[in-house]
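To start, I am sharing the structure in question, which I have written as C-alpha cells.
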Amino acid sequence: MLLEIDNVSKRFGGLTAVSNVSFAVAEGEVVGLIGPNGAGKTTLFNVVAGALRASAGTIRFAGSDISGYRPYRICRLGLCRTFQIVKPFGNLSVLDNVVIGAFTRCPDRRSAYQVAEKIVMETGLARWRDSLAHTLPIGLRKRIELARALATQPRMILLDEVMNGLNPTELREMMSLIEQINRGGMTILLIEHVMAAVMHLCQRIVVIHHGEKIADATPQEVARDPRVIEAYLGEEYLVK
Amino acid sequence: MDALPQLLASAIVLGGIYALVSIGLTLIFGVMRIVNFAHGEFLMLSMYLAIGLSTLIGVDPYLGLLLAIPLSWIFGAAVYYTVIRPVIARPHVVQIFTTLGLSIVLQNAALFFWTANFRQLRLSYGDRVLMIAGAAVTMPQLIAFAVAALFTTVLFAWLRFTYLGKAMRATAQDPKAATLMGIDTGKILLIAFLVGTMCVCVAGMLMAPLFSTYPTVGLQFVLVAFVVVVLGGLGSAVGALVGALIVAFIDVIGGFYVGTAWKEVLYFIVFIAVLLLRPAGLLGQRGAEELGR
Amino acid sequence: MHIRQILGSRGTPEHIVAAALFGIALCIALFSDNLFLQDAIILTLMWAGLASAWNIAGGSAGQISLGHAAFFGLGAYTSTLIKIHLGWSPWIGMLCGGMLVVLVSGFIAFAATRLRGPYFALLTLAFAAVVQIIAARWYAFTRGNEGIAIAFQPGLENFIFTDKLSWTIVIIVYVLVLYSIGVWSARSRFGFQLAGMREDEDAAQAIGIDTRMLKVATIAVSAFFTALGGTFYAQYVGFLDPGYVLSVDLSVKFALMCIIGGLGTPLGPILGAILITALEMYLRAKWGGARSGLYLMVYGVLLILIVRLMPEGLVRGIPKWFKGRRRTRAA
C-alpha cells in the first residue's frame, strides 16, 4: 500500500469534520473520494497533504509515517496535491510555473527546463507555453496546476476537484490526461463530483458522508450501495 | 500599596482611551482587511482640532465633539475616496505603502503648518481633582473616561442591533456572502472607514487636555493601538476593549515599576510575543494572519 | 513575459545601464574636483546598496519589512562600540555586526514564518522600535540620545579615508556585490523558488518549496548587507544618532527607493536611490532650511502615487510605456 490513512479524525473546535476515516491506496491505483458537499473530503486531503494537522490517527506514505509533516516535505517524499481553487503563479508564464515545480527535484536550470518542457508538451499546454497564467481560462489553469504538480515527479498525486468547471470537451481531455498519467505508473487519489469521470477512471471508490467513511468498493458496488444512495438522495431531498 | 488605587484609576481611564483609538483601527481592518498605518495621524489631527476649536471659537473639546464628529466624516470620506478605495483589492505591498505614505504626508503637513512645538490644551476646570476610592482623578480624565465609555457602549449597541451594524459584521465575516445577501459592500466599506475615523477623532478630542500635542504624537499612540488590536485580535471590537485594558494596565503598572523610559519596551515585547505565539490574538479569527485576506 | 523579466535580469539593457552608472561614478571619483559631487555620489551609492539589500527580502521574497533600520543601526553601533570598547578594527566590527543581525533576523524570520503581509510588517516595526528605544535609553552603553561620534583617525585599518576615491571604491564594491547577487538569484533555482513563494506561498509549499527556510535565508542575507551598510555609514558620516539611524523613516526610505525603481529587480533599487537622493538634495536645498517636513511630505505623496500607479517601478514601467507608444504610433 502506497498511502495508508489510519483512523484519521480532524476536529475544529466543536466541529468534527473528519471522523475515524481509514482506507488505503495501492501503487498504481486510481481511487476516487466522493461524497455530498461538506462531507469532509477536502479537509481529509488537507490533512494528508500536511496543510492541516490530524486531531487523531496516522498517515503513512510508502511505509513511513508522514503525520504532521509540512506540505513541502510531503511533496518531496513523492506525494503532491492540487488545489480545489486553483493557485497558479499568475504573473508567471505557464512554462515558468512548471519549471518551478521541476526545480523541486532538479538541481539546475538546464534539467529543470528539460523536465518542464516535456511535461508542458505531455499535458497539451505547449500552445500557451509563454502566456501568463492569470490570462488563461479556468480549464487551462487547472491543467497548469496539474502539470506543475507532475513536474515534481511524484509517485502519487491528490487531485482536488480537477474537473470542476470544465466544459464537456475539456472534461474529455482532462479524463484522458489522467488515464495517460496513470498508465505511466502514477497513483492517483481524486476528489470529484463529476460522476461519469469517477465511474470511468476509478478502480475503487471511497464514499465520505458527514466526515465518516460509508463505503469503500468498486464503482459498480458503490453505485448499488443503499447507504450511498441514501446519502445522496437524502441530501437532494433536503435541498428541495 | 498606597499607589494601587491611583494606578488602577489611571489604568482604567487610559484603557478607555486606548479602547476608543483601537476600536477604529480594528473595525477598519476587520471590514476592509486594510491595516491603516495612518491611524495615528488621524488621532494627531483631531488633537490639533481640539486645540484649534478652543483657540478659535473658545469651545472646549467635549462640546466641540458636536462639530468634530461631522468633520471627521468629511475628512474620512475624502481620504477614503482619494487614497483608500483605489487600493482595496490590491496586493499587500500596495496597501501597506499607501497608508504608510498617507501617514508620512499627514505627519509632515502638521510639522509644516504647526511646527514641531509641543502644545497643550488647558481647560479652565482642568485642574479640578476628584477623589474616587482613594485615587485622585482630574476632571478631564473623568470626562474622558465617561465619554469614552458611553461612546463605546453606543457603538457596540449599534454594531449589535442596527441593520448597518449587522451588515458591517457580516461583511467582515464573509464579503462574498454578504453581497449575496443584498448588502451593498461598497457602501459598508465606506461606512466602516467613517466609523473608524470617527472613533479615533473622538479619542483625540478627549485626549487633547490630557497629553501634549505635537506632529508625531500619532506615532506613539498608533503603536499602542496596534499592540491593543493585535492582542485583542484584529477585527474584534470586544477584543480591542479587552486588549486596551490589558495594555493600559501594563502601561501604568509597568511604568510605575520600570519607569516611563522602559515601559514602552515592555508592551512592544508583549506585542512581539503575541505576534509570534498567537497572532490571532485573544479573540480574533485564528489563521487570519496566514490567510492574509 | 518570462520569469527573467519579472525577476529583473532582462540581460543586456539593464546591465548596460548599470555598467554606465558605475562608470560615471568612478569617473567622477577619479577625475572631478567637485567635493560636493563626489560626496553625493558616495551617498547615492550607499543608499543604492542599502536599497538593494532591502530588495532581497522585500522585493524578491515579498517579505515587506518596515524595520530594516534596526539592522542598519545594529551594524553601525556594533562596529562602533567594538572599536570603542575593544579597540578592534571597524572592518572586523563590521563583520561582527553582520553576524549579529544574521542571528537576530534569522530567528525572527523563523519564528514569524506564519505571518503574512501587514502582520509581518508590524512585527518588524515593533522590533525596530524596541531596538531604537534601547539604543536611545541605555546611556551607559550607547550614550543614549546623545549619540556617538566616531573619532577621525584616518587609516585603512580604521576604515577611515581622507580621499573620496577610496570611499567610492569601497562603496562601489558593496553595490556591485549586491547587484551581482540580484542577477544571480534571478537565474538560479533559488530565485525561481523565491518567485513562486512570492506569487503564492501555499502553492509553493505544496510543490515542495520550503518557504520557511527561503524566508530565513533571504531575510538573513538582506539584514547582513544592511548591517554592513550601517558600518559604512558610521565610518563615512562619523556620527550615530539613534533618532535617525534606527528610525522608521529610514526603514521606509529603503522601501521607497525599491518601489520607485522596481521591486525585485537588480537595477531598480539603484535607480530608486539615484532619484530619491537627487530629489532629497533638491528639496532640502529649496525648502529644508525654512520649514522642515516639506520634502518628507513629497516623499509621502510620491509613495502613494507610485505604489498605486506604477507598482512595478521604473525599471519595468518605462519600457512598458515605450512599448505602448510604439504600438499607437504604428497603428
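Order of writing sets the labels: A, B and C. Residues in every chain begin at 1.
Keep this in mind: a contact is a pair of C-beta atoms (placed from the backbone, for glycine too) under 8 Å apart; a residue touches a chain by one contact, two chains touch by 3 or more.
Only a predicted model underlies this, so the values are computations on that prediction, with no experimental measurement involved.
Asker: How short can a chain-to-chain path be from chain A to chain B, counted in steps between touching chains?
Answerer: The least step count works out to 2.
Asker: Of the chains shown, whose Cα centre falls closest to the middle of all protein Cα atoms?
Answerer: Chain C is the most central one.
Asker: Using C-alpha centroids, which chain lies at the maximum separation from chain B?
Answerer: Most remote chain from chain B, centroid-wise, comes out as A.
Asker: Could you tell me which two chains share the largest number of C-beta contact pairs?
Answerer: B-C
Asker: Need the CA-centroid distance for the pair chain A / chain C, whole Å please.
Answerer: 43
Asker: Between chain B and chain C, what's the gap in Å when you average each chain's C-alpha atoms?
Answerer: Once rounded, the distance between the two centres reads 32 Å.
Asker: Going by the contact rule set out above, which residues of chain B touch chain C in the complex?
Answerer: 35, 83, 86-87, 90-98, 100-109, 111-112, 115, 215, 219, 223, 226-227, 230, 261-262, 264-265, 268-269, 271-272, 275-276, 279, 289-292
Asker: What residues of chain C sit close enough to touch chain A in their complex?
Answerer: Interface residues on the chain C side: 1-3, 6, 187-189, 192-193, 195-196, 199-200, 202-211.
Asker: Enumerate the contact residues on chain A facing chain C in the complex.
Answerer: Going by the criterion above, the answer is residues 49, 51, 70-73, 75-76, 80-83, 87-93, 96, 99-101, 103-109, 112, 130, 132, 148-149, 151-152.
Asker: Can you list the residues on chain C that touch chain B in the complex?
Answerer: Touching chain B: residues 62, 64, 66, 111-112, 114-119, 121-123, 125-127, 129-130, 133-134, 137, 248-249, 252, 255-256, 259, 263, 291-294, 296-297, 299-304, 307-308, 311 of chain C.
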